[in-house]
Amino acid sequence: MSSLDTIPVTTEVATGNVEPLLHEIRHALKRLAEGKEGTVIDLKRLPLAPGEEERIAATLGTGEVRADVDALGPTLIQETSYPGVWLITHKNADEVVVARFIEVTYIPELLRSQQADIDAGINRLENELKN
Amino acid sequence: MNTEAMSLQDFRGKLREMSVDIPGRDLTDDDRVRRAKRAFAQKLNGHRAVDMDTCLQCGMCAEACHFYEATQDERYAPVYKFRPLRRFYRREMSPMRWFYRAFTRDITVADLKEWQHLVYDACTGCGRCDMICPMGIKISAAIRVMRHGLAGAGFVPSEMRIIRDEQRDKNTLFGVGAEQLKALVQKLGAEGINVPLDREQADVMLLTTAIEVLLFPDAFAATAKILNKAGADWTIRSDAFEAANVGIITGDDPTMILAIRRIVEKANAIGAKTVLMPESGHAYQTLRWEGANEMGERLSFDVISIAEFVAAEVEAGRLSLKTQSNGASVTYHDPCRLSRKGGVTQQPRDVLTALGLEVRETTSNQRENYCCGGGCGEFVLKSAADLRQKAFEIKKHEIDETGADAVVTGCSNCRVNLMIGADNSGWQTPVTSLVETVAANLAD
Amino acid sequence: MTLLEFASGPGLQWALWIFVFGITWRVVGAVFLLSRKDISKPRHTNTISAGLGAVWSRSSPAHAFEKKIRFQHVTGYAWHFALFISVLFFAPHILFFESLLGFSWPHLPNTIILITSIIATAVLIALLIRRATHPVQRFISNADDYISIFVVLVPLLTGILAFAHFGARYETLLAVHLLSVEVMLIWFPFGKLMHMIMTMPARFQAGTAFGRRGVKA
Amino acid sequence: MRKDQNLGEYLRMQGVSRRGFLKFCSATASLMALPPSAVSQVAEALATARRPSVIWMSFQECTGCTESLTRSHAPTVESLIFDAISLDYHHTLQAAAGHGAEAAREAAMEENKGEYILVVDGSIPNGNNGYSTIAGISNHDMLIEAAENCFAIVAVGTCAAFGGLPNANPNPTGAVSVSEIIKDKPIINVSGCPPIPVVITGVLAHFLTFGTIPELDALGRPAAFFGQNIHDRCYRRPFYERGQFADTFDDEGARKGWCLYKLGCKGPTTYNACATLKWNQGTSFPIQSGHGCIGCSEPNFWDKGGFYDPISAGQWGSRDALLGAAAAGAALGVGSALAARARKKKAQAAEEI
C-alpha cells in the first residue's frame, strides 16, 4: 500500500463542511447544558475530503476519558478536549472502521451497563453460585 | 440694400390661401394600397432591407426627434413612422416573407391615412434620428420611402400637391417664374448690381429659389455681389433657375426627375463647370447627392453650395472680407440637408470666423443639430402648424442659451421657418443669412 | 432517450441546422436585394474607413444624445458585456464550444461568471420592464420584441439554476438549459436577435453612405 | 439460525451482548443512511425481526456484483445481516449444484410463498431466450416463475436495474432490465457497475429491520443512497465552484486534485453514494483516485458518449450537415431576393402614374 503514497496526487481541498460541523457541535453542547437532549452526528453522512475526518478529530483533541469496548469487535469511546463531546469509533473484528459518530452527551449510552446484560449477568452469577 | 420684398405677413397670407382642400385623385381603397406597395417595391433595396432587418425597436430614435420631444406623443417615434414600409418589406419583399406573412397583417388604406399625418406633418426628414440609431439605420431614408408610397397612393397633402403640380406643370413656384426673376434682375440692375441673366455660355450656373425671389431678394442680390466680386464667369437662366424640388419633398418621382432634368440639361447646354446652389438645403441635397443617381449618369459639372463657394474663394484669396472687431456673436443654424446630410458643416463656420464673428454653438450642433421645425416642405402644411411651432420652440431655446446676437443660417427655408416661429412667439433675435452677412462685409 | 440525451444530441443538431440555415437565408436574402451604386461625386473617397469608423463610433452616442439615452446606453453595455462573459468564459460553456469548434480558450472563475450572469439577468429583466412600461417602447413593441427577450432570459435563468443545482436534478436542469438555448437558436434567425449578425453591416453601410458625403456617421 | 427465531434471540444465543447489539444497530442505521436518532427504532425492530428468505438469481451478468458484495467489509456487522437472512439460492455461492440446487430453489419458493425476496443480478435476454439459460430454463421464464410469489425484487447492478452492458448498443441479445419484464411487483433497483456493497446490504438490512420497501427515487432506487448526485457530495466540488479544473490526467491541476469536469467526469448527472460511502472499506472512490465518474449507476451510461467527453459537450452531428444547412439557406436567400428584385423591376416599369 505504501506505493500509493508515491503517486503525486495532493489535495489541499476543504469541502467547507468542517466548520459548520464544529458549529453544530457547539450548538449541541449548549442545548445539552440547558438540560435538553443530547445529539449524535454520523460522520459517514458528511461529504468530507481526504484528511478532513482526521482534522476534525485533531481539532476536538483528546480529553480525560478513553474507553475501549469489546463488543462485536473493538469500539473506541474517546471524550474530546471539550467535555460532553465524545468521539465514538466502531470497528469490526478486522479493525476496519464500520461507523464513526460524534456524540454530545454526559455519558455515551454504550458505556452504561445494559439492563439485559445485567439480567444475564445475574443469571450467570446465580448459576456460578449454585455450582 | 432695399430691394422690395414680399413681407412675411403677405407670404403667410399666401400660404393660408393655398391651404384649401383640393380634391385628390379618385382612387379606390384597393387601388391606393396596391399603388403604395408598388411605390415601396420601387424603392426597396439592399440598404433598406438591411436597415429593416436590423432594427431593434429600442426606441432611442424618439429621443432624437424634435416632434416627439415637443409632444411626448409616442406615435412620433421615428421608428413608428416607417412601420407600414417595414410591414410591407417583411411580408412581401424580405427573405422570410413566407414566415412573416403567417404572423402579421397586411397594410390597409386606414394605415396609409394615419401615416399621412406621421410622415408629412410630423417629420421634416431632418435625419437627426439617423444619428442616434445604435444600429446605424437610415430612418429618414425609410421615411422618405414612406412619402414615396403615400404619394403613389394619392395621399400627398393638398398644399403640397398644389405646389408640386405648379412646379411640374408650369415650372413656377408660388407664382415665381421667369418673368418674376427677370423683374428682380432688372430692379437689381437699376441698383447697380449686375446679374448676367440667360448667358449662353458660362462656367458657373447659379440657381435660386422662389422663396428667395419672393421673400429674400437681398440674399439673391448678395449672392450676385459675391460672384461679381470673386470675378466668376457666371449666369442665371430664367428658364432653369429654380433650385427647389417639390418632387423630392412630396415623394413624387416624376416631378423630382423633371425638376432635376431641367437644371442638368440647361447646365450641360451652357457648358457650366459648376452649378452653384443657393441657400436651400433640400435643393443642395437633391442635386448634389441625388442628381446623378436619378439621372442615371454622372453629372458633367460640380454641384456646390454658396457656402462652400464663399469659403473656397475666401481661402483662395479671391474674395476678401472686412473683419469685424466689435465682438458681435452669432450662432449658426445648420440646415439639416446641408450639414447632416450634405457634409457642408465647417465651411459656413470658417466664413463667419473669417468675418471676425464669434460663433457660438448651440448645445446640439452640426450633425446633431435640431431642425428649424419646418423642413421638407412641412412649412406649407396648415395641419402641421402646431407641431412646427412646438419644434421651433426647442430650436429657439437652444439658440437663446447661446446668448448670441443673431442667428445665421444657410437655407432660406430654415430662415422663413425661424421667422414665422419668431413672429408667432414674439421672439426678437434677428435671423439672417450667410450670404447676406458676407455680402455686407465685402472688402473694397 | 433521456431529456438530456435529446437536448445534447438531436435537439442540438436540429437547432443548429435551423440556426445556420435561417441566418444564411435571411442575410443572403436581404443583401442580395442589392442597391444601386451611388454615382454622385463623393466628397470623401475612403468610404471603407468611414464604414469601419461607424461600426466603432455607433457604440458611443454623441454627447447631445447620450444624456437622453443614458439608461439604454449603460444597460446596453452592462447587458452585452455580462452576457458575453457569461456565455464565452464559463468553463462548461467553453467545453461546449470546443466540442463544436475543436479549440478552446481560458475560462474565468465561476464566481465571476455567477456575478456576470446575475447582472445580465437583472439587466435583461430591467429592459423587459422598461419595454413594457416606457411609453414609446411599449407602443412600438411587437411579439418579436418580447419573444426575443424571453428566449434569451430563459437560458440565463436555467443556466443559473443549473449552475446552482437548484430546483431540480442537475441533468434535468442541464437538459432544460440546453433546450432553452436550442429554442433561442431556432428563434434567432426569425426575430431581432439577428441584430447580432446585422449590426456591423448596418453600421458599416451607414458609415459609408455618410462618409462619402463627408459626414461622420 | 432457526427460521422461527427472531434476530434478538439469535444474537443472544451467539453470545452477543446488548451492548454489542446496540453497536450493531448503530452501524446498521448508519449503513441504511438513517439518522442516528433512529437507532432505538432500529434496535426495537431488529430485536423482533424474522429472518426473510432470499433467492438470488444471476442472469446475463459478469459476477462483478457478487464479487463486490463478497468483498464488502469482512465479518461482524454485515455478515450478521447475511447470517440473519436465509440465502436459499445463489448459484455462485451455494455448495449445491445441478438438479439439487434447482430443487432447493423450488422448495424455498414454495415454503416462503409471498414472503421471499428475489435478488436479481444481470439482464434478461429478451431477443432470443436461448442466449442464457439455467438448467435448461430460460432467464425470462425463470424470472417470471420466481417473481410470481415473491414479496419484492431487488435488482442488483445496472444490468438488472437498467439493462446495463448487455443492453448497450447494438444490444445483440435484446437484453432488458427486470422492470421491463416484471410489472406487478415492487422492484428496488440497486444500480452501479458494480453497486457499492454496503448499499446492497443496506437494502437487505432495511427489509430485515422494517420488512418494507425503502423510499425510492424516480428510477426505483433507494433514495437514501441514490438521492444525491456525486457532484453535490464530492469533496472536489469546491474546485468546480472556483473554476479550477484538471485539463489532462497528468497536469498540474490533476496533481493538485482539481475538479475533473473537463476530463468527462459524470458526477453531476450520476446519483450514487460513492462520494460518502466510498469503496474498499471506505478507502477511496474513483474521483478521489483521480479519475472522473463514469456514471455507472445511471441508465445507458455505456451509450452516453465517451467517458472522457465533458457533460456539457454537445453531439453536434456532422460538419457536412451544417454546410448543407448553410448552402440551403443561401440558396433560399438568393431565390427570395431574385423574386423580390423581379417584383421591384416590375414595379419600376409600371407605366401607370
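By letter and in written order, the chains are A, B, C and D; residue numbering begins at 1 in each of them.
Simple rule for what comes next: contacts are C-beta pairs under 8 Å (C-beta built on N, C-alpha and C of every residue); 3 or more make two chains touch, one makes a residue touch a chain.
All figures in this text were calculated on a predicted structure; none of them were measured in a lab.
K.L.:
Would you mind checking which chain's C-alpha centre is most distant from the centre of chain D?
P.N.:
B
K.L.:
Comparing B-D against A-D, which pair counts more contacting C-beta pairs?
P.N.:
The comparison resolves to A-D.
K.L.:
Express in whole angstrom the distance between the two chain centres, defined as the mean CA positions of chain A and chain D.
P.N.:
So the centre of chain A lies 31 Å away from the centre of chain D.
K.L.:
Using the average of all C-alpha atoms in each chain as its centre, how far is it in Å between chain B and chain D?
P.N.:
80
K.L.:
In whole angstrom, what separates the CA-based centres of chain B and chain C?
P.N.:
So the centroids are 38 Å from each other.
K.L.:
For chain C and chain D, what's the span in angstrom between their mean Cα positions?
P.N.:
Here chain C and chain D have centroids separated by 42 Å.
K.L.:
Give the residues of chain A that touch two or more other chains, as numbers and ranges in rising order.
P.N.:
Chain A, residues with two or more chain partners: not present.
K.L.:
Send over the residues of chain D in touch with two or more other chains.
P.N.:
Correct list: 332-333, 336-337, 340, 344.
K.L.:
Which chain B residues reach two or more other chains?
P.N.:
44-45, 93-96
K.L.:
Run through the chains and report each pair that touches.
P.N.:
Those chain pairs which touch are A-D, B-C, B-D, C-D.
K.L.:
What part of chain C is in contact with chain B in the complex they form?
P.N.:
Chain C residues touching chain B: 22, 25-26, 28-36, 38-41, 43, 54, 58-59, 61-62, 64-65, 68-69, 72, 76, 134-145, 189-190, 192, 194-195, 198-199, 201-207, 209, 213-217.
K.L.:
Enumerate the contact residues on chain D facing chain C in the complex.
P.N.:
Touch list, chain D to chain C: 229, 231-232, 240-243, 245, 261-262, 268-269, 271, 299-300, 304, 309-317, 321-322, 325-330, 332-334, 336-338, 340-341, 344.
K.L.:
Would you tell me which residues of chain D are touching chain A in their complex?
P.N.:
Residues 12, 16-20, 22-24, 26-27, 30-31, 33, 35-37, 39, 73-77, 80, 233-239, 254-257, 275-277, 281-282, 284, 288, 290 of chain D touch chain A in their complex.
K.L.:
Considering the complex alone, what residue numbers of chain B touch chain D?
P.N.:
Going through chain B, the ones touching chain D are 35, 38-39, 41-42, 44-45, 92-97, 254.
K.L.:
Of all residues in chain B, which touch chain C in the complex?
P.N.:
44-47, 49-60, 62-64, 68, 72, 74-75, 77, 79-80, 83, 93-96, 99, 103, 130-138, 288-293, 297-299, 302-303, 339-343, 345, 363-365, 367-368
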